[in-house]
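Two complexes, one shared chain (subunit A), two partners (subunit B, subunit C).
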Partner chain A sequence: MTSMSLMTVTSEIGAMTQGRAPIRFQNVSRAFGSVVALDDFCLDVKAGEFVTLLGPSGSGKTTALNIVAGFDRATSGEVFIGERAVGALPPERRNVGMVFQSFALFPHMSVFENVAFPLRMRKVAAYEVRARVERTLEMVQLGGYAGRRPGALSGGQRQRVALARAVVAEPPVLLMDESLSALDLKLREDLQEEVRRLHRTLGTTIIFVTHDQGEALVLSDRIALMNHGRLCQLDTPTTLYDRPASRFVADFIGRTNIVPIDAGDHAAAIGLSNAPDGAVALSLRPEKLRRQPPAFGGGFEAIVQDVTFKGAATEFRLQTASGLSLRMSEARATALALPEIGQTVRLNVVPEDATPLYE
Partner chain B sequence: MMRFGERLTLLPAALLVLAMFAVPVAFVFAEAIFTPGFSLAHFDRFFSRPVYLSVYLNTLVVSAVVASICLVIGYPMALFIVSQPPARRPLLLFLVLVPLWMSILVRTYAWMVVLGREGIINGALQWAGLTDGPLTLMFTTGAVFVAMVQILLPIMVITCYSIMTEIDPTLVRAARICGASGLAAFRKVFLPLSMEGAITGWSVIFILSMGFFIVPALVGGRRDVLLGNMIVNQVGQANWGFAGALAIILLVSTIVLLGLVRLVMGRFVYSPREAQA
Partner chain C sequence: MRSPTRILAGLLFALAVLFLFFPILIVAPMSFSGDRFLGFPPRSWGLTWYQTYFSDPGWLAATWRSLRIASLASLIATLVGTASVVGLARLSGRWRAGVTGMLLAPAIVPNVIIALGVFMLALRFGTTDSEVTLILAHSAIGLPFVVMIVGAAYRQTDPMLEKAARVFGAGPLRAFWTATVPPLAPGILAAFIFAFFVSFDELVIALFLMGGSETLPVRIWNDLRFEINPTIAAISTFFVVVTVLAMTLAEVLRIRATRRQGSN
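Right, the complex of A and B next:
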């Protein structure tokens, strides 16, 4: 019932939205003394696209975001929002919305005043401020909370207010800095849905920064995986998961087994001798390994070292005869009986399921 | 409800307040209304003579002006220190605090050396040929203000600084990205959030100024008399009853004024404590 009224409200706002701007990082570097936080970073975000900057801490993702927001300056290179180089513009003149990890709501203002703030700064007429704030609060399901102080809200509600404040002025670009990381798991999943819906209805270009690869996979049109201030791989979530270009990517996105090619004959021992030239390892996702009934021939044997119940799936830790340690994830629908720890099982793998890694 | 053990920890402080403050105040109060016999004559004398009222008003005005000057100088100082990298702040705070380690008496005598007829300022002015003879700097109302502000300023800086460090810098960034210029972000976000510190600092300095007597006695002129000086005079003449009445008036006016400040603060000024409400 609420979702119906919500749809009408959000589509109304969607209709009002005109702006959505592409963002371009052109050879952007940022050094703090001798520490290089961002190293010749290039990235093109299309208008209306949801791109996540993903990486471990210290990878430069927050620095990149701060440079777009205007809180930090590039040592060299330039950032474009739309057609405009923004390097010399202060944050308030970039027409960008931003959601912070710490919510950053103004504690001395009511929810209404917080959301009205960007409109007041843009000198929007009072009657229009009221209408737009109320509509935006409806959109984030906080219709009845306008008079409260942020201190009287739960974490999830505060983040909804922060979202409302970031989009109320309909900026063509929305930046989100670890915006959901402070929330607990269930709330985070609810808000992920909310953010996706907001993106669908507003059509704003979004740059989302997170260290949580699961969150990146759920939200993004494309993910820019970063490490040491550089862009490692820029791809859709499925491509990034299925075709990681390097060990780092394969390891950072989801869980995987890295099967080395040069050291010993690990790959050959599990039936993967088809690796192309130049590949240094293979990435084999745990769910691509399959157990087969002992009566069948082929495949390879491994000893069960650990079995973990994970709800929808069961996870195994296995060791092959050549000493390779493997992780396997198996849907619980399988007809095969669970093996004991120490028992030998027979496995097989389709060679096409292993992704060659070149670095 | 506090447990007994927790309450016990307050015992030393409670005894101290009782012995050193509550009992003496009671004595002073008794002195004021029972000397020589029971009457309100001492209070009547105070309120019926314009001399006393003008000293009283002067004390209020001087305290308010000193507290306000400290605010105008101290708030920006604190702002500057907070804007510095955290590694540099302790040194700056240290420099602010150094004067507090010297007694008020020493610092006041220092001002006499600076402001006197043969003092540093007059010496420098005449050496530079800017003035022919010595200017009268000592024993003026100006000297009283300068010395009191110098003595009390560190308190303002510390009070403002401590509340400013509580303000999440992300809030100012959030204001900027919402479209506020640096000045607007300061006015709409930083200033209201630091206002409690400014008002607390103002109140503390006001209270301390109300009780000042060494500074006006040493560097002020004949007309720079504060309530504190009058109390000292009356005690010197063994006029215990009237001195007591003056002390009571000082105490009550300070309490009333602080009550007013709190009332205003509760209505208009944001306090971090209400965030939890």
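Right, the complex of A and C next:
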């Protein structure tokens, strides 16, 4: 690279680094032969926002991320980072940070050199490299590990190094593809906290990819739920949980009971006959079903088919007289005695707790 | 625990090693012979034949020629082979299988056939009796070893490393040199050493191509045809030691390169 073009690259990066950048997918499609991985995908991520791409395997999450990072190109449509269309830019000129699922730490470099890499590529002065690497390693609680090789670290520590390397140059955009999926549950929860803290301190725009809905609910400002390369619903975790728009969303986020409206009139049988026109089913979260003392009237009856102990809650599988199978989750604080399997219980549901689904 | 099967296995192993080392066990003592003719066991001892070797201009010229040819041939094989491995990874399915087959072919085709082919081609271009032709032929027979060894090491490296280097600001070439090559380095060095000895040992192609100026194996061959004297035992012993040391190093490097990389 000539010094001339280097200067323009540096100044471009400088201009983009002003704070955090919004990211926009504008009608992005990507086809691999006959497989359509992304189908007219539109998404606006605000500056500084934490958005999770969530969806089943093969829904196009990695493809979307690769197009932002520059590893792949859209068949049609355009991606913007800040004000800039990045379709024609190679990865090294997009100024994004990335955390990979496989860590992708350079095995022949020390922890320090790994974290210093993005700064060295940006020709940051040596004394500043040292200061920033040390500060970033402190931030991910790896202060004393600068001299180690990645091979001599645990999985959680490696992922912390990968995090440090991704944010050390303070990129306006941070991409994470299944970054925590390789870790075991306990570590994953620690790292989730770490990622949230980093997001709060740095304020970077983050696109996080996962197929773990629990992780998405914990981390995100908004979740973009994807299926077959399309965006199904984009909402905050609470809205997505409380007001899913479709059967697919209701089923994917948390657990739910899908109560069909047309067939067998199941909805009316459990006292939910107020569904709006056009709704095809109702979503009823297991924790919204309540048992009531037998002395009370009203509600409806169901037979207990299974009882499962889940720590803080007890889960029931129930069947109504009309043949509808329901899940119920009950806090263990309840005063009611646990029913036996085969016993009949009286249940109650508030109509407002059922969410109409239109597809 | 010493079960009979284990003792039997140990015995078989010892026999196999003895069988493999037998020629060396005969040749090494003969090289320290003080006699004028090759015979076993020697009747007197001395370093005469090592002196002869290291002071005979003919032997030394042949040795230097072989070292020169092997260095250049293995260098070419290593560069081309490594580039092929990286390039192959970017080809898809059927093409990769086809090209890999072509690259590995020289390891399967007998050297006599290769020698004949190269000789006839060289006749047409008037480049028989040329070190350059021999270097090219030797780099071709070293190539399969490089492709196999570096290929195995390459498959153990994380393809994400190069992508990581790219997002963090390295251009394509820079990413290749900083992220892809260093984890391959031990494998590349091992491949170089293997390719070096493939060339250094090679007789048949050299016989066809090097009429006037002998390589070391050709010189040994010519010498053996007229008289059997202990110089050859001295040379053999000397190079067995050198080869064993170098190949041990190569094997250690190869194993290191083929083991799972630390970052996973």
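Just so it is clear, the second predicted complex is superposed on the first by the 341 of 359 C-alpha atoms of A that agree within 3 Å, B and C clash if a C-alpha of one lies under 4 Å from a C-alpha of the other, contacts with A are read in each partner's own complex, and residues count from 1 in each chain.
In this text, a residue touches a chain if its C-beta (ideal position, glycine included) is under 8 Å from a C-beta of that chain, and two chains touch if they have at least 3 such contacts.
Remember, it's a predicted structure, so these values are computed and weren't measured experimentally.
Asker: After the match on subunit A, would you call subunit B and subunit C a fit or a clash?
Answerer: clash
Asker: On the A-aligned overlay, A:Pro107 touches which partner chain: subunit B = first, subunit C = second, or both, or neither?
Answerer: both
Asker: Classify the contacts of A:Ile253 with the two partner chains as first (subunit B alone), second (subunit C alone), both, or neither.
Answerer: neither
Asker: Mind working out whether A:Pro118 is in touch with subunit B, subunit C, both or neither, as first, second, both or neither?
Answerer: Both: A:Pro118 reaches subunit B and subunit C.
Asker: Can A:Val96 be said to touch subunit B (first), subunit C (second), both, or neither?
Answerer: both
Asker: If you stack the two complexes on chain A, which partner ends up touching A:Arg158: first (subunit B), second (subunit C), both, or neither?
Answerer: In the superposed model, A:Arg158 contacts subunit C only, not subunit B.
Asker: Figure out whether A:Ile67 sits in contact with subunit B (first) or subunit C (second), or with both, or with neither.
Answerer: Once the two structures are laid over each other on A, A:Ile67 reaches no partner at all.
Asker: Now for A:Ala216: first (subunit B), second (subunit C), both, or neither, which partner does it touch?
Answerer: Touch partners of A:Ala216: none, neither subunit B nor subunit C.
Asker: Once the two structures are superposed, pull the subunit A residues common to the subunit B and subunit C interfaces.
Answerer: 69-71, 90-92, 94, 96-98, 100, 102, 104-108, 117-118, 121-122, 149-152, 165, 169, 175
Asker: Of all residues in subunit B, which touch subunit A in the complex?
Answerer: Checking each residue of subunit B against subunit A gives 168, 170-171, 173-182, 184, 188-189, 192-193, 270, 272, 274-277.
Asker: Under the stated contact criterion, what part of subunit A meets subunit C in this complex?
Answerer: Where subunit A meets subunit C, its residues are 1, 69-71, 90-92, 94, 96-98, 100, 102-108, 117-118, 121-122, 149-152, 158, 165, 169, 175.
Asker: So in the complex, the part of subunit C that touches subunit A is made up of which residues?
Answerer: Its residues touching subunit A are 158, 160-161, 163-172, 174-175, 178-179, 182-183, 185, 261-264.
Asker: Across the complex, what residues on subunit A touch subunit B?
Answerer: Its residues touching subunit B are 69-71, 90-92, 94-98, 100, 102, 104-108, 117-118, 121-122, 149-152, 165, 169, 175.
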